[in-house]
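Right after this note come the structures.
Note that chain A is present in both complexes that follow, paired respectively with chain B and with chain C.
Let's look at the complex of A and B:
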């Protein structure tokens, strides 16, 4: 094996530009595959962490009439729980309303939340104020869309439980920054007690956010959704992303491996005299096949070294500084952090290396199999077989 | 046509005021005279709705049939995008037929709170057909001068919980007994919508507005104009017009 390695190394070095072209293509595939896998891992980790922190906590107890995908269910999708049932839960009441910034009408979701809650990281403490005006908190995306900033006042129109219009000014006391678009875009957060007062829906909530001490029990008219239930769509999205990027890896690898395959076919064809000489000098056919296979596989090892030299500084930078995405990515409806820090763990890098090395070994072995069927005398004479 | 319905609803409601109602005798007298002008058993109206946006306005032409305040049918004739769209209101139900999808849908719940063709009116505004006396306490609160005309000012305060507007204010011409203006208020007293009626002319012995402007007072812009091109009072309308079958015809 050592001899095969030495011969393979010398042969590859001797081939010059042809070797480096193959190595270059394979190294590029290496870098791109690791980049995308690191990007997906980074996105997955950050989105998961932030969704739980900002929105889902340990799960939601949702009114059965409320469907987050059906805005028409907001009107009737709310109810009350007894004080005992509300332990370890933070109520959120959702109503539809409209604001009028700069004379434009904008439909919003008006969300009432307990100002003292600590189940999610929304900065609700900022809503504690003695002001006569309704204190409100919005996300940065919402602030950008409405041109509102902290201290601004805007007219809000809503309906009470009977459907009667009411209107009043709200004051933006806090603009928070989050990557979780589902607590930001088109939403206004106010103290739930104020919303109860405004709508007459005293003690009502659309959903409750649970903390780690909450034990789900059967409550008529309510359905408990675990963290995993709430993240189901996200998990499915990530699975779909993984599958679609897998096809991209395969495409990139195919291009690189095709180059190796092509080189191997050419080598077996052009180096028949050399093959005959190896056999004449005492190598078995299997050893010659192994030599050619090692030669092909060595491309992937060289590509790994080149890929590491080129890729490591890039990956190091991206893992520490992240990639910044434009604002419109945050409006996609899924959690898409503005800055994604790529994650390159041992599993990502090692499985990518293994995939490329094994694939390179297979495509190197396939053309080399022909050697085992060669007549060594004819091969030594250089006759085409 | 839908806007006409609102006017008819308002007017008919006044007509049904009875002496037991908490309104003053002056209010009843005024309302009876308004109804004499505005209310007919049936009507056919050809109209233009001018929806004035921030940058440009668009005009929707329609023809509407109505019988009392419970039945109405409207067919949109222009622009091309809306042509063929039909709306049928029977009591508290509203159906819309869209020719592009060849489908009839019934609007309910929050869908009724959507704007009609991008105008300043919601479907719900048009659906309100309860008698005002059932949901509001009315009284004359004074006199005012509007467009050079002396008017009675009537105030209506909600006496039930499930009304859209907690308070309404109406200015009625003292000479012709037609409403010139109506303001609709939120519970907090914030003025939400304003309806202005102008260009009155006498048709079949009735004073009737040629133009009605509906304005969402919280939004900038000029609101939505409803212009009456042609109106017939008390024509014969075949019953099939007010059936779901007529939506697809």
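Let's look at the complex of A and C:
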């Protein structure tokens, strides 16, 4: 094998431009595949971290009548817990409401949260105020959509527990920036105590956010959803993304491998005299097959080196500085950070390299097999077989 | 110089399939070559010279009969055994040199030694010695495309001789060379034959080559027409 590697190296170096074209195409595939895998991993990690930090924490204890996908369930999907049951939980009460920015009506989810909570990173401390007006906090996307900014006041209309409409002014005390659209778009956060007062739903919550010390117990009327349960949709989305990008990798790889396959097929035909000479000089046909296979596989090894030289500075930059995306990406309905830091772990890089090297070895071996059936006498004469 | 039979061809017939039928390239050939001979197979195109050389070189095997080379029956050798025989004991010189184009002169000559796993220092010594024999030591770093025809064939001779094989098979070695180069390479081969005791077997229809041979086997239509001893080793 060492000899085959030595000879293959010399042959590839001697082949000049033909080698470097194949290596270039394959290196480009390496870079694109690793880039996309790094991008996907980066997005996945960041979205996961941010979803947990901003919304899910260690899980949600959700009122059984509340279904986040059914707005009608908001009206009755709430309840109370005993003080003991509420240990390590922070309540969130969700109500439907409407605001009237610049005279137009906008339906919103009004969310009451404990201003002293620390289970999620929402800057709820900003809601602590002595103002008589209802202090409210909105995300940047919501602020952009409503043209509201910190200090602005806007009319809010809500219904109390009996269904009676009430209205009052809220004051935007904080506009926070987050990549988690589900705590931002169409939502207004106010102190839960204020919401209890406004609705008469004293001590009620739609859901409770658990911290790491919470131990789930069976509570009638409530269902505990673990972090994984809450992230199920996200996992499914990422799985779909992985599958669709896998097909893209395959397409890219196929193009690169086709170039190697083509070169190998041509080599076996064009280099028949050389093959005959190898046999005449004492190589077995199996050794010549091995030589041609190693030659083809070596394209992928060269591509790995070229890809590393070209790709490493790019990947290093993107891993440290990230890629900035325009604002409209945040409206995609999933957590899409404005800046994604690519993640290149050992698994991503090593599996990509392994995949390409093995695939290159296979496409190199297939045409090289023909050599084992060649007649060395005809090969020496360069006659097509 | 050691004496004794090195190649023994007994009742060898070789047929090739041609379309629906067969072409008989060799018909019941019987020949014996002694160690250290400088012999040639002579005859017109299609007389079976190259076919016989290919069988002796274990690149091909007879349809009938036995070809014994260094005591080994070519028909009974596995791919691996015949590769080993070629690698260690037989050197080839081809009409169009068949130098490996991406290798330098040095690497072309070194190739056979690489297959034998000879240590680098020893390889270097052997390659340079072989290049000295053919007068090309100063061109070791050149690629084959920078060589003239005569130089290319001399590299091929060095490549065939570097492993000091018992037998060298030269198939029309002068076909692409002018008279001066033909004489030059024949002189070189003759010297190696005399100094190292290597058996040289040529196929040729070049009279300049014939002038150097000790023995000429005339072939016609796949059969031995005449086996002519020009001069015996003891006379020369």
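Observations on the structure shown:
Following the convention adopted for this analysis, the second predicted complex is superposed on the first by the 385 of 385 C-alpha atoms of A that agree within 3 Å, B and C clash if a C-alpha of one lies under 4 Å from a C-alpha of the other, contacts with A are read in each partner's own complex, and residues count from 1 in each chain.
Here is the rule we use: contacts are C-beta pairs under 8 Å (C-beta built on N, C-alpha and C of every residue); 3 or more make two chains touch, one makes a residue touch a chain.
Being a predicted model, the structure only gives us computed values, none of them experimental.
In this overlay on chain A, chain B fits alongside chain C without clashing. After overlaying the two complexes on the shared chain, residue contacts for A:157 are found with chain B alone; chain C is out of touch.
Of the two partner chains placed around the shared chain by superposition, neither chain B nor chain C is touched by A:33. In the superposed model, A:11 makes contact with chain C only, not with chain B. Contacts of A:62 after superposition on the shared chain: neither chain B nor chain C is touched. By the touch criterion defined above, A:104 lies against chain B but remains apart from chain C after alignment on the C-alpha atoms of chain A. In the superposition on chain A, contact of A:282 is made with chain C only, not with chain B.
Looking at the shared chain after the overlay, A:274 reaches chain C, while chain B stays out of its contact range. With the two structures brought together on chain A, the opening angle seen from the C-alpha centre of chain A toward chain B and chain C is 150°, to the nearest 10.
When the two complexes are overlaid on their common chain A, residue A:75 makes contact with chain B while staying clear of chain C. The gap separating chain B from chain C at its narrowest, counted between C-alpha atoms of the superposed chains, is 74 angstrom. Considering their complex, residues 71-72, 74-75, 96, 98, 100, 102-105, 155, 157, 159-168 of chain A touch chain B. Every residue of chain A that touches chain C in the complex is listed here, in rising order: 3, 6-7, 10-11, 13-15, 273-274, 276-277, 279-287, 375-377, 380. Listing the residues of chain B that touch chain A in their complex gives 54, 109-111, 113, 158, 160-166, 186-188, 190, 192, 216, 218-221. By the touch criterion stated above, chain C contacts chain A in their complex at residues 54, 57, 59-60, 79-80, 83-84, 86-88, 92, 94, 96, 98, 100-103, 107, 111-112, 114-117, 159.
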